[in-house]
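Once you scroll down, you'll see the structures, which are given as structure tokens.
Here come two complexes built around subunit A, the first alongside subunit B, the second alongside subunit C.
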Partner chain A sequence: MEIFTQTVVNGIVLSSIYILVALGFALIFSVMQILNFAHGTIYMAGAYVCYYLASSFGLPPWAAILISAVVLALFGVFLERFGFRYLENDFNRTLMFSLVIIVFLQTTADITVGPYVKRVPSVLHGVTTVAGITLSKERLITCVITVCLLLAVTFLIRKTALGRQMLAVAQDGDAASLQGINVHRVAAFALGLSSALAAVAGGLMGSIIMLNTYMGDAMLLRAITLVIIAGIGSLGGLFVSGLIVGFVDAVLPIFIGGSGSAVVAFSFAILILVIRPQGLFGHEI
Partner chain B sequence: MSEKQGKMGVKTSKRYVAYAILIAFLLLLPWLSLGGAYFIHVCILIFTYVIATSSLRTIFVSGQASIGHAAFMGIGAYTSALLSTKLGWTPWVTILLGAITAMVVAVLSGYLFSRLRAIYFSMVTAFFGVAFEALMRSGGEFTGGKAGMVALPGMGVIDLPGLGEINFATSKIPYYYLLLFLTLFTLIVLYRIERSRSGMNWMAIAQSPLVASSIGISETKFRILAFAVGCFFGGLAGSVYPHYSSVLSPGSFSLMPSINLVIFLLFGGTRFFAGPVIGVIVLMAIPEVFRSLKQYAPYIVGGIMLLVTFWMPQGLAGLFESAKPWIFKMFGKGANPVRKEFSNGMRK
Partner chain C sequence: MRIKKLTLFVIVFLTATVMVLPSLAFAQKKIKIGILAALTGPFASAEIHQRDGVVMAVDWYNEKGGITIKGEKYLLEAVTEDHKCTAEGSKTATEKLVNDHKVKFIAGATITYINLAAGAVTEPAKVIRAVNYVGFRPGELTAQTPYTFKVNPTVPEGIAPALDYLVEKFPKVKTFGTITPDDGNQPILFPFCEKEGKQRGLKQISTVPWAHDTVDFYPKMTQLLAPKPDVVFVVHAFEEALVQMIKAAREMGMKGPFAVASYENPYDIVDMAGKDLTPPFFSHGWSHDVNDPQLTPEMKECIKTAEAKMGKFHNWNLWGWNEVMVIVQAIEKAQSLDTTVIANTWRKMDSIKTIYGPGKMGGEKTYGIKNAVCSRLAITEVLPGGVVKHVKWTPYYLP
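Coming up: the complex of A and B.
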């Protein structure tokens, strides 16, 4: 029973963090039509900024996460304004540019913080007992924060003017700009928002796992898996695919090891792409 | 017309002389005592990457941006390593079998992936790559699991008629010549295929799959052909290297190594045959040249990549091409006659 509940909690924590990262990736993909390979590295940078603020300035973890989200959001806006805007959605050049971002961020993280073992302090410590089941508070608070954020972002996209502008640009950039929407500004906002989400995910995940400069690669793959299973352009589908992949990653390693569960998740993604390229919930491509 | 053909003839023969000089230089390179064994090691790495990146370019030429090419190198490497350790076959045979296995897998997976175009093809190949790596990691005893395989057999001692005994175990120089031979072989084969009818069909498909199939080019067939040819040579590059280094780890075939190959390719430029060669040499040389900067060296690589991204959309090879008229002008020969007339007209 103890293992069962803990696995369920782990599954929910992993799912919520995956969804947080994948939501940003999907947002950039729909609004800007680019595969941002640097998204995982921005998640890593979020965790490192958090760690740096908490360890060097002694900031409380929640403040560190908040500041790292703001820093990375500004970084995202900067990338759009001075980078992606000039690359005209050319696949080769945007790919190159996102790889340049990866090189710079990973090198900076290596130089400033260094490769030794480290961990972001968690927002809450200790355990709590709910209905006779012992749960760690840090996992619960992670769940609560991510669920609140996901609800807020969904509200932002569906209900506010800026969110609707993003949806319009995602549907058809030219038509949107004919309606007087500043496509570049919307793209900058989308990149800023997605980077902030990735940074929060990094900060939260950083208190659960050990930090290393390559932690972004695995997360990037998970984000792409989620987007593929859900279908590109389906934000609601991300929640379902996030739960699927999160629970696969929480449950399967107990039985067949971490690499085995990765084989299952990635093969599932290949199968979806080959059989149903529009994903489980996406529209025709 | 005849005059033009005559000129072309001179140009071609000059070009052959240049190639002969280049090959002679490469043949003599190990004996010039430039940095010793480490220099030879870097050369071998460069050759391996030139084979891998040029074969990746063949796939890109047919409009398929694969970002799982390292996985096909891995298929070659693991096939060759497993056959030579478990069955005790000589690496000379298993290297070829590794490349063939990579090609067979490429034909099968290429058939499955042929429905997907552009970014979707990129994603499915990326997932193929990471799934392969995870599979090798979870292989347990058989594939060596996370740690990979160690103590792989080298190429041993061979007895070539006329050259005497060549011992691969004592020095790196035989490997240098082996890789040089394989690189030249790969480049010649890939060049011939690209300039053949198949190559033209690939370019047509890359430009517009619809138009290409409307004039009777089978998109599926030629895309699979490009994928198979590219992966054969990718597998070849992958299967030689573990016998040289005698170790093999699954991490060398995951997403980031695949993306590294794409960087080499885009850096050099996909449009030109020499692109991958230039890209690999420059990008491999930078860290060696800036060795004194230690951990800051990646900034130099990143900075140069940034330059290429924003100011050289065709890559480094494209830079040479676009600078050609200026260079000719500077040395006062072969200046574009059309441009000359135009400028004269402007002056009047």
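Coming up: the complex of A and C.
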């Protein structure tokens, strides 16, 4: 019973982690139809900025995460203004540009912080007991933050004027422009928000799973898997796909070793691409 | 006009010759030491420090005047290539070292599949290689790899001494759960741990392999701790993974000791996992205290040099420094740069000095070839309050 309970808890926590990381990626894919392969590295950069603020200036982890989100949001706006805007949604050019960002950010992190094992200070220390189950406080707060952010982003998209503009741009950029929507401003906001979400995820994960310049690579793969399964334009679907992949990663390692759980998750994603390319909850492109 | 051009050419040629000749006359002979290390990828956080150790040792020997072979002085020169933590990367990097840089000696690497890929290049080229973590995989270190030498204490050797100390320090423990990377060695290592544990009255009740790209260790520790072992026995893990294991286990309520059969930096573990969560913990990692009389002069030299040149010492600097130390001794003993002569001489050395203390060659029965440098292992414990203490040295010899 205990292993079952712990496994369920592990599944919920892992799902939250994956949803948090994938949220920004899904947003930019839905709004701009851009597969931003640099999203994992932006997540890593957010973690490193957070670490730098906390260790060099002694800022509390909360403040470091917030400032890191602002810094990376501005970076995202910069990327849209001077990069993605000119790529005209061409996949090959977008991929190359993403690779440039990846190399730049990873090298910068390597040079500035170096190859030493580092960790972002925890936002909350210790453990707590909920309904007889022992939980790490930092993991619990990560779950709470994930749910809050998912709800906030969904509210933004569905209930605000800016969100409706983003949906319009996602549907047809030219038509949206003809309606008077500043497409570039909407895209910049989307990329800025996406980067900020990645930074928050990085700051929280940097205390749970340690810092290294390649911490974003595995997370990017999980984010892509979640978005494929959920489908374009479905943030609610992201919640379901996050649960699927999170529980696969929590349960399968108990029965099979190695990277077996990753194989299962990716196989499921490939199956979805084959039989239902728009994802479980997405719309046709 | 033509004569003037010819005169000008002769003047320029003679001037250039006069300028170059002296430097040619005094050109220092060099021996290149190739470094095969992860500069990028998940192992970079350890192997970059190993690389630094090699570079520091090379500089140290050069500051002392280099090494002498048949009356001639040779300086050392370090050349690094990045294996990128993949077998393909290892093969490419090794080919660059051997074919482009023309090295005859390579320091590194550590991971089994990296070593296997590199060995496919170095053995036919008769390049001497000083490797580390040898996990008994076929072809890794055998009679068919006469130019490959295991030079640092590695994981399989660390298992028995770790279990010996475990029963000595914690006599009440009866069961352990073993966790090790899923790198192809676990089918050999798990039964090995079980056998060694049984010999000491311990029962292995759970075994868990973990993939190098594991994001979260909670599922793995859930599986390991399900039958409630008294001890978590970590065969091998880089610091990041070990910290996550400790945090997960302690947050799940496991209070028993962490016994680590490898060489992770206990200071980093305490720093990352916390001084309250880490103990009880011990490993074969090393103390950094230069005032500790149990450390060798060479270890203290490495620590001081690292702090002076790099700003900080890291455990894996010792591995790199030791790689150079033993290669140099083998060359000086052979008094030759012929790698076949050096390899044959090295195997036959009665004793060899390591950074950890006196050593000797072994491995004839274990690997089928006497290419293992054996010395002694440290037992370093993390005490309550997060204090790191070198407890003792324990000798090991591979038959």
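The working rule: the second predicted complex is superposed on the first by the 277 of 285 C-alpha atoms of A that agree within 3 Å, B and C clash if a C-alpha of one lies under 4 Å from a C-alpha of the other, contacts with A are read in each partner's own complex, and residues count from 1 in each chain.
To be clear about the criterion, contacts are C-beta pairs under 8 Å (C-beta built on N, C-alpha and C of every residue); 3 or more make two chains touch, one makes a residue touch a chain.
All of these numbers come straight from a predicted model, not from anything done at the bench.
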item: Joint occupancy of subunit A by subunit B and subunit C, clash or fit; value: clash
item: Partner chain(s) touched by A:N212 [first = subunit B, second = subunit C, both, neither]; value: second
item: Partner chain(s) touched by A:V144 [first = subunit B, second = subunit C, both, neither]; value: neither
item: First (subunit B), second (subunit C), both or neither touched by A:A175; value: neither
item: Partner chain(s) touched by A:L87 [first = subunit B, second = subunit C, both, neither]; value: first
item: Subunit B versus subunit C as contact partner of A:F104, first or second or both or neither; value: first
item: Which superposed partner A:T7 touches (first subunit B, second subunit C, both, neither); value: second
item: Contacts of A:A262 with subunit B and subunit C, given as first, second, both or neither; value: both
item: Partner chain in contact with A:M96 - subunit B first, subunit C second, else both or neither; value: first
item: Subunit C-contacting residues of subunit A that also contact subunit B; value: 106, 214, 257, 259, 262
item: Touching residues on subunit C, where the partner in the complex is subunit A; value: 40-42, 44-45, 48-49, 182, 186, 208-211, 213-216, 218-220, 222-223, 226, 239-240, 243-244, 247, 251-253, 268, 272, 312, 314
item: Subunit A-touching residues of subunit B, taken from the complex the two chains share; value: 65, 112-113, 115-116, 118-120, 122-124, 126-128, 130-131, 134-135, 137-138, 146, 254-256, 259, 262-263, 266-267, 270, 295-296, 298-299, 301-302, 305-306, 308-310, 313
item: Touching residues on subunit A, where the partner in the complex is subunit C; value: 2-3, 6-7, 10, 13-14, 17, 106, 115-119, 127, 134-136, 208-210, 212-214, 218-219, 222, 249-251, 253-254, 257-259, 262
item: Of subunit A, residues touching subunit B in the complex; value: 35, 37, 86-87, 90-93, 95-97, 99-100, 103-104, 106-107, 110-111, 214, 217, 220-221, 224-225, 228, 256-257, 259-260, 262-263, 266-267, 269-270, 273-274, 277, 285
